[in-house]
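Following are the structures in question.
Next, two complexes with chain A in common: one pairs it with chain B, the other with chain C.
Moving on, here comes the complex of A and B:
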């Protein structure tokens, strides 16, 4: 019998007591780890979306639905398309303060053999694009040729596979990293390819454009403003100077989402703190009560020669082991649940949601582990002080 | 090792009212000398202060007054670490009632006191001898919850003897035992005294006096040497 194994034996063989304490520790861990990962995922998603938008101003057709359609596409991945006249690009050249402009072309595939749902097709202009190519190059660093596409992370196809859209076969040349936004379900290609697809669809009798020629339309324009110019002023200039369009500041478009996210994050933070305070109090009280129940056991240990220090060490060791075990179990359960149901959480939220990468997750794991184990140790220390403060003789007389 | 209790007393303040606080004694000031090779019995009714005196002598309850010397060693003036180690090596204490660690088997409970100050000597053989002597051979790997009251008590006795202590304090050591086992335990404690150990037994069994070299009687916190 090794004396050092006594704390472990006490933990393993006192099953009910251990189970009760571990449950409290799991609740503590789940609230801290799960809550932190959730808040971080929401913030990651918004950051990722802002990065992907990559422009100061977005120009859309001036109908009420185009902005909603674009938001739905970005946040929920709901496919949509809208068009406006290409001549707008020329008019934009007359607005002072504009640095870069690049049009995009949207289309929705009726069906694709990769997916059970409709797929958003986003076409960009290879020559002028400055919003898509920077992050497209993460997965494909050459120019896209005709009939080549890059797919979002959520589409179930792989690089090298072929995909049919409106009967036209495309080669998948790249797959993007997950963004946690609706863009994960989109297909990216050149503007010319989208125009060809529109023609292919119309050849099949699917009417996409009423009267216009696909070569004369665009869906949206992404605009960057020259340094020193006020973005809001340019938004006003465009809205007042060009008919049939609506310029929206990219940040403004996501303001309501950011506000919602801030509120959710705040509420979750309050919830985490509340759960922590209550669970911590319950844990300390539980350790304290257990010490009361175990006072005779501790008195016996003193009788056989345990010093106050040794007894305190025994109690502290038990509580640290329990804290560590509870936090590890809690982290595994919470992590498994959160990463397994990641897609479900994402789809139910209607908010950008991107789980942290391995390094960030490891940091959260470490912080949670240290915090919960530390709390276990503090609870143990309070109990240890109680245990050593009573005269052994008095306990033996009871 | 001679134990000298000089003027030891345990008192507490009784709250009799808002202003009047009276001092009450659980153990009135007593002098007691325990010598090696002798079995000393402390007899008395429940609540007379026997266990309090035993705890004070064993260094488990600090007296309100007086000193307890083990030879020249004043146990209540020592640092807790030092006296705990001293107690582990030199004192065998058999508490009243259930006193086993629930998560350890009989053998592990017995060996616990030995392993605490393990100086490299293997006490497994000694543990086996005690297990055998106290009739616990078929219970050696049982946990306390699987034992009868008598078996628990015998295990506590074996644990107290594992380190070959110089002093043994036993508080009602035969309380849960039948006549045969009572005989075995008193014989064993008598034998330890013959080997040079100082043995102090608290009991209310008058019939056990035949094992005693000295008999003290406690009554309402006062101690008297009666034989």
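Moving on, here comes the complex of A and C:
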């Protein structure tokens, strides 16, 4: 038998021992890889949401429910609608320090032809928009015509295809980039198309959760502040100067979400470290005990001419092979589960969740593989030290 | 024990076929059928259940039949069905529009994962069988030559 194949033969022939060690290594890998991807996805989601809001201030109707509705829309994708008078836009123009203003109109479709769930429809003003079109996956230069729509990334339709809502076909002319938030499931269009939608729903006798005309009302206003002006001062000016509205800083609105996310990330990190410490101790103990049980095998190898160095190398090679195999299996299982079911995880979390891109994932794969294989090697090294210190003659006499 | 060991792939295939068939209308079923509206994904679910049922019958037959060549033939015939199952949700049959819906978030990934594991088991079974048959034939040739 080729002596170089001995570590591999040992691993293959000792099935139960190998399976036990591989299971420990898979748990280690799953906790590290899965936990890291999960924390990264939450952070990506929050970063994406902060960028996606794209404005310094958001203006909403003053009632308490509107802010909750907007948060639910952003975090859970729960469609919502609330309205304030459109004349507010004229009042905003009188406030000093405001650079850009863009209103939006929220509409919730009842069960549409496409989906058995409600769809959030957001009407926006193309001339003033600075929060939606910059997020188009492919640039769309011209203005939206009647019955043309832009869709969020989670709607499985393509640019050029048609989406049927209330029996009327709407042409998809753009698709937004993925944000990991509720905005991914929304449909974006102009005020005129929103009016067509309301009419189509009425013609079909379908109840639509708002009949207010987009010419008269708006749901929210996105505001950017001129450079050199303090955002908090502008927020105060709006809240004091305009009745029936509530201005909030975009960042402030997401503070509670960021805090929740920090707590979750912290708890998961503790869990990863705890699993790692315990699994590492179990792994080292397992290798150590196995070495004890294999004393006679090592003594025989020494008798047939194996040097102490060669014996140490044999154990180390075995542990490295096991570490590499365990980490690869663990990465494949965890990666498949986390990436295949990422939409499900997102919907159950009620938090923005955006899985890392291919390059970041590759980095995590590499770090996990090296760490787990290294831990396997360290465990093997400790066992190897024990194996080489054994008195061959004494063992064979026992 | 010896029976289990020699039929480990066949048993795994039968279990996976049952998981695919039963799971497709229970644990990882597509979107529920409404009173007024039948979603497109419902037909994808029906197709997966039907193909799953065929795969279950094939796996059961391969387990019960004694002739090795027939068993291998049945296992090979499972490959096209498995390829078809993989492409049923989302490619052959369209699913719902919104990715947050059950058919895209649960049905499609679950079907594809079970199908991929099943495919690996079937390919491994075929390879092991072909290698074993090759070894047996080589031994027979050696004996004949001797």
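Odds and ends about this structure:
Please note the rule applied: the second predicted complex is superposed on the first by the 366 of 398 C-alpha atoms of A that agree within 3 Å, B and C clash if a C-alpha of one lies under 4 Å from a C-alpha of the other, contacts with A are read in each partner's own complex, and residues count from 1 in each chain.
By definition in this document, contacts are C-beta pairs under 8 Å (C-beta built on N, C-alpha and C of every residue); 3 or more make two chains touch, one makes a residue touch a chain.
On a predicted model such as this, the values are computed, not experimentally measured, just so you know.
Steric overlap between chain B and chain C is absent once the structures are superposed on chain A; the two fit side by side.
By the touch criterion defined above, A:358 lies against neither chain B nor chain C after alignment on the C-alpha atoms of chain A. In the superposition on chain A, no contact is made by A:19 with either chain B or chain C.
By the touch criterion defined above, A:308 lies against chain B but remains apart from chain C after alignment on the C-alpha atoms of chain A.
An angle of 60 degrees, to the nearest 10, separates chain B from chain C at the C-alpha centre of chain A in the overlay. Touch criterion not met for A:240: it reaches neither chain B nor chain C. Using the contact criterion defined above for the overlaid structures, shared-chain residue A:392 touches chain B, although it does not reach chain C.
Legend: residue contacts after superposition of the two complexes on their common chain; A:296 is shown touching chain B, with no touch to chain C. Applying the stated contact rule after C-alpha superposition, one finds that A:9 touches chain B and leaves chain C untouched. In the superposed three-chain model, the partner touching more residues of chain A is B, compared with the other of chain B and chain C. With the two structures overlaid on their shared chain A, chain B and chain C come no closer than 15 Å at the level of C-alpha atoms. Overlap of the chain B and chain C interfaces on chain A comprises no residues.
Listed in rising order, the residues of chain B touching chain A in the complex are 51-52, 55-56, 58, 60-62, 80-81, 84-85, 87-89, 93, 95-96, 98-104, 107-108, 111-113, 115-118, 143, 159, 171.
Residues 31-32, 34, 37, 39, 90, 95-101, 104-106, 109-110, 112-113 of chain C are the ones touching chain A in the complex.
Chain A makes touch with chain C in their complex at residues 77, 111, 114-117, 119, 154-157, 163, 184-185, 336-337, 340-341, 343-344, 346-347. Residues of chain A that touch chain B in their complex: 1-3, 6, 9-10, 12-14, 296-297, 299-310, 391-394, 396-397.
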